[in-house]
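Just so it is clear, A, B, C and D label the chains in written order, and each chain counts residues from 1 on its own.
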Amino acid sequence: MLSVKKLNKSFGSLVVAQDIDLALPKGTRYALIGPNGAGKTTLINLVTGMLRPDSGQIFLGEGENQAEITALQPYRRVRQGLARTFQINTLFPRLTALESVTLAVLEREGHAHNWWRGLPAFGPAADEAASILGSLNVPAEKPTRELAYGQQRLLEIALALATRPRVLLLDEPAAGVPRDESAALFAAVENLSRELTVLFIEHDMNVVFRFASRIIVMVGGRILLEGTPDEIGRDERVREVYLGRSRHAA
Amino acid sequence: MFSSLAAVLFDGFAYGMLLFLLSVGLSVTLGMMNFVNLAHCSFAMVGGYAAVTLANRFGWPFLATLPVAFIVAGAIAILLERLLFRRLYRASDLDQCLLTIGIVFISIAAFAWFYTTEQQSTQLPAFLQGSIQAGGMSFASYRLFLIVVALLVTGLLIAGIEHTRFGARVRAAVDNQRMARGLGIDVDRTFMLTFAIGGGLAGLGGALSIQVIGLDPSFALTFLVYVLIVVSVGGLGSIGGSFAAATVLGISDMAGKYYFPWLGAFLIYLVMVALLMWRPVGLFGRR
Amino acid sequence: MAGASEQLARQVRWRPLETAFWLAALAPFAVAPSYLSLASQVAITALFALSLDLLVGYAGLVSLGHAAFFGFGAYSAGLIAKHCWSEPLSALVVSAALAGLLGYALSHIVVRFRHLALIMLTLGFGLLLLEAANSASALTGGADGLQGFRVPGVLGFKFDLYGRTAYAYSLLVLFLCFLVARRIIHSPFGLALRGIRENALRMPAIGSASQAHLRKAYTLSAALAGIAGALLTHTTSTVSLEVLSFGRSADVLVILILGGAGRLYGGILGAIIYMVARDQFSGVNPQYWYFWIGLLLVAVVMFLPNGILGGVSALRKKAQ
Amino acid sequence: MLRVILAAALATAFAAHAQQPVKIGLVMTLSGQFADAGNQMHNGVKTYMKMHGDTVAGRKIELVVKDTGGPAPDVAKRIAQELVVRDGVDILAGWVLTPNAMAAGDVSAEAKKFMVVMNAATSVIITKSPYMIRTSVTLPQVMETFGTWAATKGGIRQSYTMVTDYGPGHDSENAFTSAFKAAGGSIAGSVRFPVANPDFSAFVQRAKDLAPESIFIFIPGGAQPAALGKAMAERGIDKKKTKVLGSGETTAEAALKSMGDNALDIITAWHYDYMSKSPLNQKFVKEYQGVAGGRNPDFFSVGGYDGMHAIYEVLKKTGGKTDAEALVAAAKGLKWESPRGPMMIDPDTRDVVQNVYIRRVQKVGGELVNVPFDTIPMVKDPAGERRKAQK
């Protein structure tokens, strides 16, 4: 559904992405793990077009309707079905949750350029927004800045879902969310439609091993290895990467 | 032909230095403290009128009035900072804009009340009048003096901001107030002193510019545009940026008026628009 | 689920307070017949502030050169009256289109910038247009202003000394443009503008072509400002370089901030308070009225942050 | 019995009419960039009223002072309308700037109110209303006279013009060059300063390289003359070789003070100087200093002073009646001795007719003075004459 070939990016001497190859088949749940500074968020920024790669290609879709999106503007990639959330909440403080998500739906439907008809005339868009918010139980009426932090993290996801993506990239969705709420958050992610390909960055290994169908380990801008949770769990190199030279017996 | 080119370059650079002296204070308040201080030229006017009063009414020599202009303008800056600006550091830049334009209006009316709307005139001391002949060309001595003062101010400021503890404290407080407080920096006092320096520099710039561009109560509005151009083209928070911008604008304005005068007034605005489109954060701006 | 569109509808609904406001706007005809020409210029400035509010209050683009479009509309109306025809309503539409065109052209450059660079670019374009008008004095009449044209009246009503027709004409056009602006703000496009103001970074991430939105906002705002300029030309039969000046751009920005940006009525309220205060202060004290206006601005900022409307709504929230 | 009551009513009406004050709307630029001009004019008006009392033909004079705050014709027109409609003024006076005077001219014509322009100098203003007179000056009146004088008695064959790029600058340049050429002079070139121009050295350098026989300058009063004078001194323009010609504003009092000796030998043409020796002017200056806190009058002040004089005179002639037809008829052909010298309101064009003095800056008793050394008597506005000829 999303594939990347020979992606490279460096800021002067600092290499943040080196020969990255990826292929995420449709409907899978990928976890992207690795120590801080491994280049995880950078990879998402490269794929979504926020950062321009030095070399390499990015493709969206499968089979014959696969299209290269390397040079596409970020908003056009979203329209093609590639959505993301941000590690730090990037929301609309004074808009209510309903207004924010309705706006995302209107952009998707191409109504956002309509400056003549009043918003109430777009009932279906508002209703769809309300249902997305309902599914993630985010209160619709309150301005975003008055929402609890956890609710804001869910609103990030709601905004991404509103674009009806084919691929959803979650950048540490549960960052800063207390343990009990993060479980509920991932449960919500879990029962997203099987059609949706999801890749999420996460540090909490319990969550990773419970929700991910496959795991990618990144270190120093390169992909160390990729595999099922079991393969990754047993692999020496992963433990070493996380815990450094193992001082005590495994 | 060569002599007139040199003359244009010299005059352009001197005019640039005048623009720099007038706007360097703003590159401290707006540039470093991120406070939209449109009342900057009102502080320049305070310095200007202080110098004129001392020179005309009390017969002070011109050079002696300059430090006093700096101190008086700095004192007024502290007063306003304590009373008004301090409450608006976190306000929206639109509200800062409204506050400072209000102060501009108040300053215009106040100076019109005390000094009438008459054009203030001062006499330069003998050694600064006329011009010095060197290499077959005449260099206006007052312009040489401006260049020297501008270089002095730039050196002191860059040394002060970049290489002293106080400078480090100012930069820290401006970058991240919370962190600076965490490190035990008295942010409140640092901001007050920084604002005083910004205001004082404005006063000095005002006192120096009377000789060239005159002084009357509407000074606060007429030169605000030029000062904003220099600081925005130079780049926020960069003294060197303002210096470079003032030089580029001064020379291009002078050369434009000399070589294609029909372009006259358009030139300085065209140069500004071109530079800003090329480097929106300014020549040496950081943010 | 009905709750969703209900919440959006509640925002758009016309409130009784608004009806009261527009009825009160008719009061000067009866209460203050000798202040009608001032009222007409207040209505024109209110429309100008409303056009700027579309940019500053809703799209978050601060402009210090909006008089460029006001003046362009004013000169278009003047030149039409001088060389083409003197019927004002059609001239209004043409002037709006011309100003909108200029806005569209400049928007391609302006919307790519933010903060101080944006403010200085708009200032620069404004001053360049002013210099162009000054040097093209054969066409524009330069500093002495455009001479040799008169707009006798509108729809058969003559512009008289009392300003009755002038105020009726200005108020009607202001009301119509206000309805358009209100509809824009409550449309999907308006919501997109507010999104850009709230968080320009997020917009591309929800698939929004925010640059295109900003260009359209800039064009619409320029057209509205052009209408305001044309109105001034029609009601006073005078046009001079002052309509393009930095002073007028700064004044309208002050008026908008005073009233409260981003609140639809902020510009209108600001125009009423600022211009009536200026008229009264300068009547009482012709030489030093600047002092009182300055004091008023400082007071509003210190006690009513975010303008008068912003302060009032904050007080109301605290009261609840 | 009825007749007695009727007569009494008539008498009181007439008396009431006589008692009712004459309201004069005085509209000037009292704030902004041209505030000083407005204040000087206002002091000129106050000085006249101090010297001649505030009652004329049995009616008290009441001033309604308004500020336009700079060149703003829309505000000026509104203020003129309000003065007529709300304040019920009988006369519209003041008008420092051309665009404002033009706009108010429409109101004077429409509302049939007598209007006195006390400064705005663009010639065509006078045609805006049949009830308007001017007591200041027109640019062609001074500049064409100066152009003709320069090429003839001045003995200057070549000149280079440097004017500020705005209305009055263009008018004076055209007036000077047309007259100068008509009298046999040649123009070596011309340049225009931007309106907001703090520094002149590039322009002066350009003029110096051309080394013309003379330079003609027109710049607005205020800070600019001093800046230009300094630039000329710094560039080392030798006034003996290159004659510097200018309008009166170039060597006004404030400019002379700032320029110092750089101003020596500048030749100017103007209609008034506060240093003129006439007894009437000496008295005017003394009284003016009393009113204006020690400041000396300038041409704005004398414009205000003479404007009030014209109003007083026409009110005396009409016995206190203030309808515009009577007042303007009374004003036509009015002659009087002003602090500037003999003055007249042209009966046909209603514009000002006065002497134009050619002066040179010299040091007299240690003080810089515009010493008049030639006078062109009772000059009519040539542009007005041409308009009259076309009609």
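In the analysis below, a contact is a pair of C-beta atoms (placed from the backbone, for glycine too) under 8 Å apart; a residue touches a chain by one contact, two chains touch by 3 or more.
All values derive from a computational prediction rather than experimental measurement.
By the document's definition of touch, subunit A and subunit C have no common neighbour. Think of the whole protein's Cα atoms as having one middle point; the chain whose own Cα middle lies nearest to it is C. Among the remaining chains, the Cα-based centre furthest from that of subunit A is the centre of D. Subunit C and subunit D have CA centres that are 37 Å apart. The distance from the centre of subunit A to the centre of subunit D, with each centre set as the mean of the Cα atoms, comes to 75 Å. With each centre defined as the average position of its C-alpha atoms, the distance from subunit A to subunit B rounds to 49 Å. Subunit D has residues 31, 35, 39, 165, 194-195 in contact with two or more other chains. Counting only residues that touch two or more partner chains, subunit C has 131, 134, 247, 287, 289-290.
The full set of touching chain pairs reads A-C, B-C, B-D, C-D. By the touch criterion given at the top, residues 1, 3-5, 7-9, 11-12, 183-184, 186-192, 194-195, 198-199, 201-210, 212-213, 216, 220 of subunit C touch subunit A in their complex. By the touch criterion stated above, subunit A contacts subunit C in their complex at residues 48, 73-75, 78-79, 83-84, 86, 90-96, 98-100, 102-104, 106-108, 111-120, 122-123, 126-127, 129-131, 140-141, 159-160, 162-163. Those residues of subunit D whose C-beta lies close enough to touch subunit C in the complex are 28, 30-31, 35, 39, 65-67, 69-75, 77-78, 81-82, 84-86, 98-99, 102-103, 106-107, 110-111, 122, 124, 165-168, 170, 194-195. Considering their complex, residues 34-35, 37-38, 41, 131, 134-135, 137, 142-145, 147, 150, 161-163, 232, 236-243, 247, 282-283, 286-287, 289-290 of subunit C touch subunit D.
Across the complex, subunit D is touched by residues 4, 7-8, 11-12, 15, 18, 108, 112, 116-119, 121-123, 129-131, 138, 140, 142-143, 211-218, 222-223, 226, 253-255, 257-258, 261-262, 264-265 of subunit B.
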